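Have a look at these structures, which come just after this line.
You will see subunit A twice below: alongside subunit B first, and alongside subunit C after that.
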Partner chain A sequence: MTASLSSVSVVFGREFRAYFATPLAAIFLVVFLALAGAMTFFVSGFFARGSADMAAFFTWMPWLFLVLLPAIGMRLWAEERRSGTIELLMTMPVAPWTIVLGKFLAGWAFTGVALALTTPLWITVNWLGSPDNGVIAAGYLGTFLMAGAFLAIAACISTLTKNQVIAFISAAIVTFLLVTAGLELVLGAIRGWAPYWMTEAVAALSVLEHFQRITQGLIEAPTLIFFGSLIVLALMINTFLVDLKKAQ
Partner chain B sequence: MDRFAKFTHWIGGLSRRQMIGTSIALCAVLFISVNIFAGRALDGWRADVTETQVWTLSEGTETLLSDLSEPLHLRLYLSDGLTEAAPQLASYADRVRGMLQSYADQADGQITLEVIDPEPFSDAEDRAVGFGINRISLAGAAEPMFFGLAATNSTDGRSTIPIFSPDREAWLEYDLTRLVA
Partner chain C sequence: MTTLVEARGLKKRFGDMTAVDDVSLSVARGEVVGFLGPNGAGKSTTMKMITGFLEPDTGTAEVGGHDVWRDPTSAKAKLGYLPEGAPAYGDMPVADFLSFVGKMRGLRKAELNNRLAEMADRVRLTEVWSRPIEALSKGYRRRVGIAQALIHDPDVLILDEPTDGLDPNQKHEMRNLIREIAPNKSIIVSTHILEEVEAVCSRAVIIAAGRVVADATPRDLVGSKDDGRAIQIRIGSPEEASVIEKIKPLADGAELEVMERMNGSTRVLLRYNDKPEDTRAIETRLKSADLPVEEVGIYRPRLEDVFRDVTTRIH
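What follows is the complex of A and B.
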């Protein structure tokens, strides 16, 4: 067990540093902060709302992440497969799941860094008024969990291809479907022909529904289980697929 | 026992690829069942971290909701354009909607909540006016807006909150519970 943990931490360290070895990290952070800022201040009218909360910021997170997290996740495995380093990685005396977990945690930690850099907004809100900090903390928790789920899906999809562009687009489509599953747009299209339980099942998979409740300050056990189980599911499938590619 | 032997034989005969495919399908089924179970069984496991306890109803309201003798239909008339035209109302509208959702959650299915966006010249708008919901005219908006609640029971009883005024925000739960009682 300790050997597995140390191998997770070695993979984690290597992957986390790899983000900063290339301009990727800087570009990602700048794009994320610029987009989040632009959406919050110009599109949502942060000041015009006149209320000290961060709802204007959190509303945009599902939509930003659905573009940005596939961009972080796409290189995790596709890059290894393209350059052939996956062969080397797989001959290491470590279990595939430790590599999968290490890579995922590195990407998730990187997303955490990006989110941490939005704290000036939180400081601004506290300086301008007296916001409900419990709700803001819940919002950050929800955003971080959602980021983890999207990243796990993106990483899982990137094992299927050597092409990072294909990995990116496929992951973006899957996360888009997960986000919109609860919207009337999708449910209306299904309701016409599918039985009731199927419509309910699709609605239950909606990221947006869970996300909206947690960002309004209501932390529910089903929400935590939903995001947690989505991460575990994606990582398990990821391990299976890596195992399969290893066998080929 | 024979069946079990057949089953293990079938598993043993699977290729690595089929085995992995089966595992993935099983994981997906497990994922969906865990979530359906969690949605049903752990519904009450929640933490309300808001300062004003928006999601937590007072004891009196909870008793009243669990003792409701007849089904109620709540229609919240909330124009989509309202929060754009009056952003200062956005958080209040969220709060009203959240609290009504808590009422519906607590009432063991006795309360149905419907959130309606009455578009201009639609049947929904006529019905809102019929219930006595006030039209709100805002400076920046061309069309009148609605932000009110109508409650009906199975017979012809009805009561309304013609407009949710921000002045009454502190008494929101009191107003709603009076309406339901």
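What follows is the complex of A and C.
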């Protein structure tokens, strides 16, 4: 067990530092903050709303993340396969799931850094008025969980290709489907021909639905289980796919 | 002698192509096995199965007494592996990369630092220690790959083309290094370079089309083809057909074979069924027939000849 923990942390350390080894991390952070800021202030009209909360900020997170998390996750396995380092990694005396987990946690922590950099907005809101900080904290928790789910999916998909661009686009499409699954636009299109249970199943997959509830301050078991099981399931498939695809 | 690597009946198919077909191999401590074969013969695939990277369709592999598939962690712990092309994380400095591999292999701080220092010194990486791997020359990158395989001082070392792309000096150094560490380990080295096998390997295993076609010491391999019944002639003339025509009547009863043509001269082999004639007699005869004879002598096969013989026969 201690060996497993240590290998998770060794992989985590390498991967986390790898994000900062190139200017890519800085570019990513700047783009994320600029987009989040632009959406919050200009598109949602943060000041014009005249309300001291962060709803204007959180509303955009699913849409920003469905582009940004695939970008964080795309290199995790595609790059290992392209450069052949996967052969080193998979001949180490450690369980493959520890490597999968270490890589995932590194990407998730990086997302955490990006989110932490948005806290000046939280401070601003407190300076302008007296928001419900519990709701905002819940919003951050929900955002972080959603990021985890998107990243786990992106990491999983990046095992399927040696090409980072293909990994990025495929992951973006899958997360887009997950986000939009609960929208009336999608459900309406399905309802016409699909049985009731199928429409319900698709609706239940909706990230948006769960995300909106948690950003309203409702930290409920189904939401936590939803994001938690998405992450666990994606990582399990990830471990399986790494083994299947490593030598191709 | 302890057997550290034991592969039995390894088979691997990719689609309808059989890459490795029933390969068995056992390597004792202190042995350096040269793994030879034409491109695509199944060398890398076999090595990947022994390292546990690739699962065989049938057959088993044991490293240090541990089954690679039933107990992968223990087997892999005994193993150092340099994959083909010496892959590494290009953005990492040499020191960080080796330290990462060391930690993954379970080395603790003090031990890790000792090993890192030893690698820097022994594999001669001090000069590039803090440089990113992607900025290194091919020779240094190969050395980083070797250091990575040696960091935990494994019992078993599997090196897939460790000297590929190195210049002659670097090759020489690499061979010295392998020879130095050999006595306490089992080493499998794949290579195309036959002189390398003669220089460092205690055993040569030749595989062709996925099967082991020869397994012996380099000396015995050469010896098996050396029956002293062939004579080699070098003629300073490039016109092969006419030369053969001229030689034929002068070498009674011998079978003629053109070995190679180089720089305007031709190497011809005369194979006799019995003890051959005196070389000087042949030389005199050829010279009096106005052939530009450069050399006549008893043919001593080289490993290269044996290699060509056993690997082409199969197709």
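Keep this in mind: the second predicted complex is superposed on the first by the 245 of 248 C-alpha atoms of A that agree within 3 Å, B and C clash if a C-alpha of one lies under 4 Å from a C-alpha of the other, contacts with A are read in each partner's own complex, and residues count from 1 in each chain.
Going forward, contacts are C-beta pairs under 8 Å (C-beta built on N, C-alpha and C of every residue); 3 or more make two chains touch, one makes a residue touch a chain.
Model, not experiment: these values are computed from the prediction.
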Since both structures carry subunit A, what do subunit B and subunit C do when superposed there: clash or fit?
fit
Tell me the contact category for A:Gln216 with respect to subunit B and subunit C: first, second, both or neither.
first
Between the C-alpha centres of subunit B and subunit C, what angle is opened at the C-alpha centre of subunit A, expressed to the nearest 10°?
150
In the superposed arrangement, which partner chain does A:Thr85 touch: subunit B (first), subunit C (second), both, or neither?
second
Does subunit B (first) or subunit C (second) touch A:Val94, or do both, or does neither?
second
Is the number of subunit A residues in contact higher for subunit B or for subunit C?
B
If you stack the two complexes on chain A, which partner ends up touching A:Gly45: first (subunit B), second (subunit C), both, or neither?
first
Quick one: classify A:Arg14 as touching subunit B (first), subunit C (second), both or neither.
second
Touching A:Phe226, do we find subunit B (first), subunit C (second), both, or neither?
first
Once superposed, minimum distance in angstrom between C-alpha atoms of subunit B and those of subunit C?
9
Could you give the residue numbers on subunit A that contact subunit B in one complex and subunit C in the other?
247
Give every residue of subunit C touching subunit A within the complex, in rising order.
48, 51-54, 72-77, 79, 81, 83-85, 87-92, 96, 100-101, 103-106, 148
Note which residues of subunit B are touching subunit A in the complex, please.
16-17, 20, 23-24, 27-28, 30-32, 34-36, 38-39, 42-43, 45-52, 54-55, 87-88, 90-91, 94, 98
Residue positions on subunit A within touch of subunit B in the complex are 45, 48-51, 53, 55, 132-135, 137-138, 201, 204-205, 216-222, 225-226, 229-230, 233, 236-237, 240-241, 243-244, 247
Would you pull the subunit A residues touching subunit C in the complex into a rising list?
3, 6-7, 10-11, 13-14, 17-18, 21-22, 83-85, 87-88, 90-95, 246-247
